[in-house]
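Look at the two complexes coming up: chain A is in both, with chain B in one and chain C in the other.
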Partner chain A sequence: MRIDIHDVYKAFEGGSRALNGINMTIADGELVALLGPSGSGKTTLLRAIAGLENPDHGDILFNGGTVAGHDVRDRKVGFVFQHYALFKTMTVRKNVSFGLSILPRKQRPSKAAIIARADELLHLVQLEGLENRYPSQLSGGQRQRVALARALAIEPSVLLLDEPFGALDAKVRKDLRRWLRELHDRTGHTTVFVTHDQEEALELSDRVAVIHQGRVEHMAPPAELYGQPATPFVCSFLGASNQLEVTVSKDQVLHCGHALPLPRPHSITDGPHQLFIRPHEFQIRSVDDQTPGILCRVETVRLSGALVRIDLRFAACGTAIEVEVPILDFERHPWKVGDAAMVTIRNVRMF
Partner chain B sequence: MSWFGSRSASPRVIPGFGLTLGITVAYLSLVALLPLAMIAMQAFRLGLSGIGHILSDPRTLHALYISFGTALAAATVNAVFGTLLAWVLVRYRFPGHRLIDALIDLPFALPTAVAGIALTALYAPNGWIGKSLSGLGIKVAYTPLGIVIALIFIGLPFVVRSVQPVLEDLAPEIEEAAATLGASQGQRFCRIILPLIAPALLTGFTMAFARGVGEYGSVIFIAGNIPMISEIAPLLIVIRLEEFRTDAAAAIAAIMLTVSFAILLLINLIQAWSRKRLGDA
Partner chain C sequence: MLIQAHRATSIAEGPTLRRILLGITLIFLTLFLLFPLAAVFSEALSQGLSVYWQAINEPDATSAIRLTLLVTGLSVSLNLVFGLCASWAVAKFSFPGKSLLITLIDLPFSVSPVISGLIYVLLFGAHGLFGAWLKANDVEIIFAVPGIVLATVFVTLPFVARELIPIMEAQGRGDEEAARTLGASGWQIFFRVTLPNVKWGLLYGVLLCNARAMGEFGAVSVVSGHIRGMTNTMPLHVEILYNEYNFVAAFAVASLLALLALVTLALKALLESHNTNTPNAPRL
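Right, the complex of A and B next:
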């Protein structure tokens, strides 16, 4: 199902603006992440799609038809809450079959059919054998999968997940992430999930919407979002970035006397700008090489798995930068604190 | 690590397991077990046939019936309206919210005799409410209905105060989850909320019931204490004592004790069963 969101505003009691003119289109069968810092309005947006919040202004359309005024009950959305919100007085099977068991008598499947459907879903989420357990007897990951099966039982037109892996430990989170992607590909539901974990968003989704102060800053496939961020916020929010204050005049980018590369292609006006450089976009060589560059001094060297992070300072003016070097390069040239280094820049983004 | 024994399995805040347990047992014996044992002994002296003889007295039987019956009726009314009150107090904010919240505890704080006099003044045939009710042909004071009203007043805080915290802890997501699955408001209450508050509701009901069975001060004024109509068992005990028929008084007391104990045991078993089923999560 396609979801169109037009100019949605929402303010909470006390006047704080949660949604500040949201516009986006989610295609049928797409897996979209809403990514943003806490308080950015991403959860409010998800709840507005579900009908758990009513926008003050704007319209939400499912397959081209407005759902404004449609109660949560009528929207047929599968919603998975961050803390699962399982019914603890019911067994796993009863939880999953709840949506079917409360249907009006005419639409309700037979008891046997409801049980069969619940067991089929429990098979899908790999929880066979736990049908008669109570939620308190399950682990966090298992509870999350029960919540998912319960949401899928009503055959929703769209699946909405609020920080689905937020309360789980790292290992389980990774497994469930891969598993959710597979499930999505198999069932083909339009899926929207909220996360503040950028790795999760970039790895899992077809497109990511970065939400900031109730607005969509940038919505794009993960590679584009990372490579060509639309705004300074997206650039600094996604991954590490070195931010330099530069002055541009006549196609020359200057920072404390050094000429830095211009972004390609560009439409930069003269004047002060902000330059963003990812840690892996620097190249670092020894001074005795004859290549030109920026003379720097090594401040700290930190080993982190397959990467080595080196903090450097411009010799001319003391600007601090962080550079990432693959461990293999580092082994060829083990940098030490106090070493002089020549730094060149491979790629930049300017705003 | 279980071979360390169960005594040291949990960290001990107060040193000296033997000393603290000894004081606990001695204190409980002195305050609770000893008086209860006295009643049992007194009743035992009568023997089963003696108790049977006292039980066959229609006046005694009726007093017991009135005590347990009115307490049950009042606790049932309180279970319904106490839940409603707790719901309103938890779910809505309105002017006077805190005042009403504080008023709930009034029956706890008020001397029962004061409550009895106030209720009698209100419900007597010439009282405010009593007058209009007698116009409708309903007599409250000096009937079992009057006793039920007094017990409703006395038992009100029990249900409210036991259900209220559970409702407060209820995550709104639980209801929202039910709503996204298509549940109507009625279905959400009956299928989701009610089962969740049921243990607390049962606790409140039991306490209101137990309090109602033993209530004396607030009841004797409004009841009128007419034998075979509105005489309660605790009053009959007092009457028998005043007649120096200590054994008869003890027999009634023993019967009340046994029935109350059986009910408490039953409800505790139900609670334990539901706790085991739901776990603490």
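Right, the complex of A and C next:
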């Protein structure tokens, strides 16, 4: 199912504007992540798609037809709630078969068929043997999968998940993440999930929508989002960045009066701008090297797995930057605190 | 854990204090609870079982028992419906005047039962607001069963709602929303999700409501008119018998009420133990 969201606004009582003109299109069968800081409106947007929240303005279309005025029941949307919202007075099997057992008599499968379907779904989410447990007797990851199986039971054309892995530990998260991707590829639902974990969003989804203050800042495939972020917010939100205040004039990029070793970007006007440089986009060389660069002093050196993080300070004006160096490079040239270094820049984004 | 351990040691440190406190509590319990209860039963049975049986089998007594059961049944059912509606509305929706509604639900707790009865006399009595109209249409409320039911409903109004509101509020709307996304209708959500979620709290509220409805004296006394065999409930009947110095009969009927209270207490204890034993049941 294709979902179009046109200019959707939503304000809550008390004046908080949760959605502030959301526009996006989600293709049929796509896996989209909604990523953004806390309070940016991700949950509200997901609930608006499901029909649990009515937009004040704007339209939501399923396969080209508006769903305004369609009740939640009629939208056939599978929703996995952040805290699962499992029915605690029902067993796992009853939970999963709920959606089928409440169908009008004419459409309802037989009791045996409902049980068979529930067990099939429990097999799909790898929970065989737990059919007769109550939700309180399950672990967080198991509850999460029951919630998913329950949502899938009504054969929804859209699957909406609100921070599906939020309450789980890192290991379980990783497993479930991969598993959700496989499930998505197998079933072909249109899937939208909310997360505030950028690694999760970038790794799992076809496209990521970065939401900020009730607006879509940038919606793109992960590589593009990371490589060519559309706004300063997206740039600073996704991954670590060094942010420098610069002035562009003629063919130079100046930082506190000194020219940076950068060509002047064509598309940028003269005047003050913000420069974003990722830690791995710096290159750090010894001062004997004849390449032009920024003279810096090493402040701290930290080992972190396969990378070495080096904090440096510009000799000329004291600006601090963080640089990442692969451990192999570091072994070739083990930097020590107090060393002088020449830093060059491989790639930047300027706004 | 830490606090409990700390408490345990501090109590163990003062065995004398513990004994004194326990002693005082036990003396009070015996004096004010066990003695009177035992007195009721011993007085009721003081002239043997057959006299006891006669006292409660006599037509006026059986009529009082029947009326009490009828009034209790009606008012508990009415309060069940009211309590469910009110707590559902308060817990799941926001609307203007919500806190006023919660305060109003508590009103019967703070008003003397006698006044609760008088309100209905003022409204429906012969000289009341609707008195003339009721008389013209041949409807009897005061000094009749409807009045007794009204007064009892009023007095017991808060029990079910008060019990359910905090439970429903704690549960939030999550389960209902989940059921809606799965395609459930309003009724299906109510009967399959909401009601099972609150069933223990509901039973508890009904139990308390029931106990109070059976024992209510003040409000019912004002509206009943004390017509023997017609508008006398058990508590009223006990009073009449007592005022006639018919102690054995009075205590015999009273012992029935006491018995009902004990059964209620036992059921309440049972419910509470069920609640602490099952992890998935809402705490009362």
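Following the convention adopted for this analysis, the second predicted complex is superposed on the first by the 343 of 351 C-alpha atoms of A that agree within 3 Å, B and C clash if a C-alpha of one lies under 4 Å from a C-alpha of the other, contacts with A are read in each partner's own complex, and residues count from 1 in each chain.
What we mean here is this: a residue touches a chain if its C-beta (ideal position, glycine included) is under 8 Å from a C-beta of that chain, and two chains touch if they have at least 3 such contacts.
Just so we're clear, the structure is a prediction, and the values are computed from it rather than from any experiment.
Engineer: Clash or fit: what happens to chain B and chain C when chain A is overlaid?
Structural biologist: Here the two partners, once superposed via chain A, clash with each other.
Engineer: So in the superposed three-chain picture, is A:73 touching just chain B, just chain C, both, or none of them (first/second/both/neither)?
Structural biologist: both
Engineer: Which partner chains sit in contact with A:154 here, chain B, chain C, both or neither? Use first/second/both/neither.
Structural biologist: both
Engineer: If we overlay the two complexes on their shared chain A, which of chain B and chain C does A:83 touch? Say first, second, both or neither.
Structural biologist: Touch partners of A:83: chain B and chain C.
Engineer: For A:102 in the superposed arrangement: first (chain B), second (chain C), both or neither?
Structural biologist: So A:102 meets both chain B and chain C here.
Engineer: Share the list of chain A residues that count as touching for chain B in one structure and for chain C in the other.
Structural biologist: Dual-contact residues (chain A): 50, 52, 71-73, 76-79, 81, 83, 85-90, 98-99, 102-103, 134-137, 150-151, 153-154.
Engineer: Along chain A, where are the residues that touch chain B in the complex?
Structural biologist: Contact set of chain A toward chain B: 50, 52, 71-73, 75-79, 81, 83, 85-90, 98-99, 102-103, 134-137, 147, 150-151, 153-154.
Engineer: Taking the touch rule as given, give the residues of chain B at its contact with chain A in the complex, in rising order.
Structural biologist: Chain B reaches chain A through residues 171, 173-174, 176-184, 187, 191-192, 195-196, 198, 277-281.
Engineer: What part of chain C is in contact with chain A in the complex they form?
Structural biologist: Listed in rising order, the residues of chain C that touch chain A are 94, 174-175, 177-185, 188, 192-193, 196-197, 199, 279-280.
Engineer: Going by the contact rule set out above, which residues of chain A touch chain C in the complex?
Structural biologist: 13, 50, 52, 71-73, 76-79, 81, 83, 85-90, 98-99, 102-103, 134-137, 150-151, 153-154
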